[in-house]
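The letters A, B, C and D name the chains in turn, as written, and every chain counts its residues from 1.
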Amino acid sequence: MNTPEPKLLIELPMAMRWRDLDAFNHANNSTFLTYIEEARLHWFKKFDGAWLTETLAPVVAAIQVNYRRQLAWPANIIVGLHCERLGNTSVTIAHRIIDGSDRSTVYSDGHTVLVWIDTASGKPVALPEAVRRACQ
Amino acid sequence: MNTPEPKLLIELPMAMRWRDLDAFNHANNSTFLTYIEEARLHWFKKFDGAWLTETLAPVVAAIQVNYRRQLAWPANIIVGLHCERLGNTSVTIAHRIIDGSDRSTVYSDGHTVLVWIDTASGKPVALPEAVRRACQ
Amino acid sequence: MNTPEPKLLIELPMAMRWRDLDAFNHANNSTFLTYIEEARLHWFKKFDGAWLTETLAPVVAAIQVNYRRQLAWPANIIVGLHCERLGNTSVTIAHRIIDGSDRSTVYSDGHTVLVWIDTASGKPVALPEAVRRACQ
Amino acid sequence: MNTPEPKLLIELPMAMRWRDLDAFNHANNSTFLTYIEEARLHWFKKFDGAWLTETLAPVVAAIQVNYRRQLAWPANIIVGLHCERLGNTSVTIAHRIIDGSDRSTVYSDGHTVLVWIDTASGKPVALPEAVRRACQ
């Protein structure tokens, strides 16, 4: 196990959608997880190896999100992911959602713990090498 | 500030929807926040006083969610909320999602920090008395 | 091809969710399709044969929805599906969303055209016998 | 009442999201309404007059959608809206969703009937002049 300097994994610009708003007229709290997920999946696609096979799949084990500022429509945002901690069977990824036209405006931050599971047993396995390489 | 014994605030039975599934054929991680929100809003409606006014509104300040077990469709779940900590300007609510027909099956737990804001300034205010009463 | 008397396929009671609301504080137009889909999938599960195989899957070919009345939270609704027309490769299903405590209150009606496709080619195939039986 | 030549109202490029997929691994049928809505709202924002006031709000009266081709993630799409029919109290808007990098690939088409309602009575009113101007 080691704790690397946080490494930037991806920065994904995204457009908010009007449907992301809830009845309080701001982006719903659950939508932030969809933004973070979108960046995560785009990061997976950049791996130099498989992130999803017949027998292996990534799952979110835990997530922590701070809501720093309300987000109104329309808005362009940037979702940034950093590798925070690389373990044997899990990787912790810091997320940060900032404004697309003013990077000093932070809407949200926090971190996600990902594991890869054996799809038959549902149990976590050692992190695939492609994941380890993508974090280092 | 005090730290009461965790008090059960509400238990809400809910039916999962097929659309809650994502391409991995399990309930998407963001959907759990929608389940928790649904229980929270039903709890708000039970208050013996206003939880939403022209000038006051609740917002999620932070959320932490552990995903303990994958959730497949169809399923009936129960979302339980407990008061974990009652502060001056925030309340921390523990959430727990269990199976509707087997309460020992835990899909998720964690906690949410709620604040009430002045809708004009966006700043947190002292917790409304109705919230304090609902937690004690 | 024949045109049977409309046959009731299923009536599914559902609870609306707060997240179904949009910034206009009523159930979003897209959400009605999720309600209709939920009833449709529960209907599929009642078939006395396969509705989904390695090579066959149902897809929505077209949908038409009339929004008769705004739907506010909280609400219990009932989604009813009827077989409207049974063709060689498609089935047209009428949908109707009514109030759970007042069946004369109609929120929406319309119809959906379903086809079953060969998952390899993406082309419609003759309707599976289990579908035909479920409609007659 | 008149029936103008279809007038292009807006073309909005959008990025699909992974969460738009359902368990069949293609964009869910309800999501197409969210794409169409996003273009519609961006069109509203271009009006040279109010589209939403204390007393007036647009609502979808009916929608018809043809699903021409399955949509997989990731994808960039373009949502185009045309004015199809301008009535006294309703406007019919044709929608068309095409591929962002190949305009000849059509994922969906159909049309939406919009009305503006008096928010107190819920009844349709004469179309606001800003809407009429935006369609002509």
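Observations on the structure shown:
We adopt the following convention: contacts are C-beta pairs under 8 Å (C-beta built on N, C-alpha and C of every residue); 3 or more make two chains touch, one makes a residue touch a chain.
Keep in mind the model is a prediction, meaning the values are calculated, not measured.
Superposition angle, chain A onto chain D, using Cα atoms only: 180 degrees, a multiple of 5 between 0 and 180. Comparing mean CA positions across the assembly, the chain most remote from chain B is D. Note: centroid distance chain A to chain D, computed from Cα atoms, is 31 Å. With centres taken as mean Cα positions, chain B sits 22 Å from chain A. For the pair chain B and chain D, the distance between C-alpha centroids works out to 34 Å. Within chain A, contacts with two or more other chains are made by residues 18-19, 28, 30, 34, 37, 73. Interface of chain C with chain A (complex): residues 18-19, 21-23, 25, 28, 30, 73. Of all residues in chain B, only 24, 28-31, 33-34, 37, 57, 59-67, 70, 110, 122 touch chain A in the complex they form. Those residues of chain B that touch chain C in the shared complex are 14-15, 17-19, 34, 37-38, 41-42, 45, 73-74.
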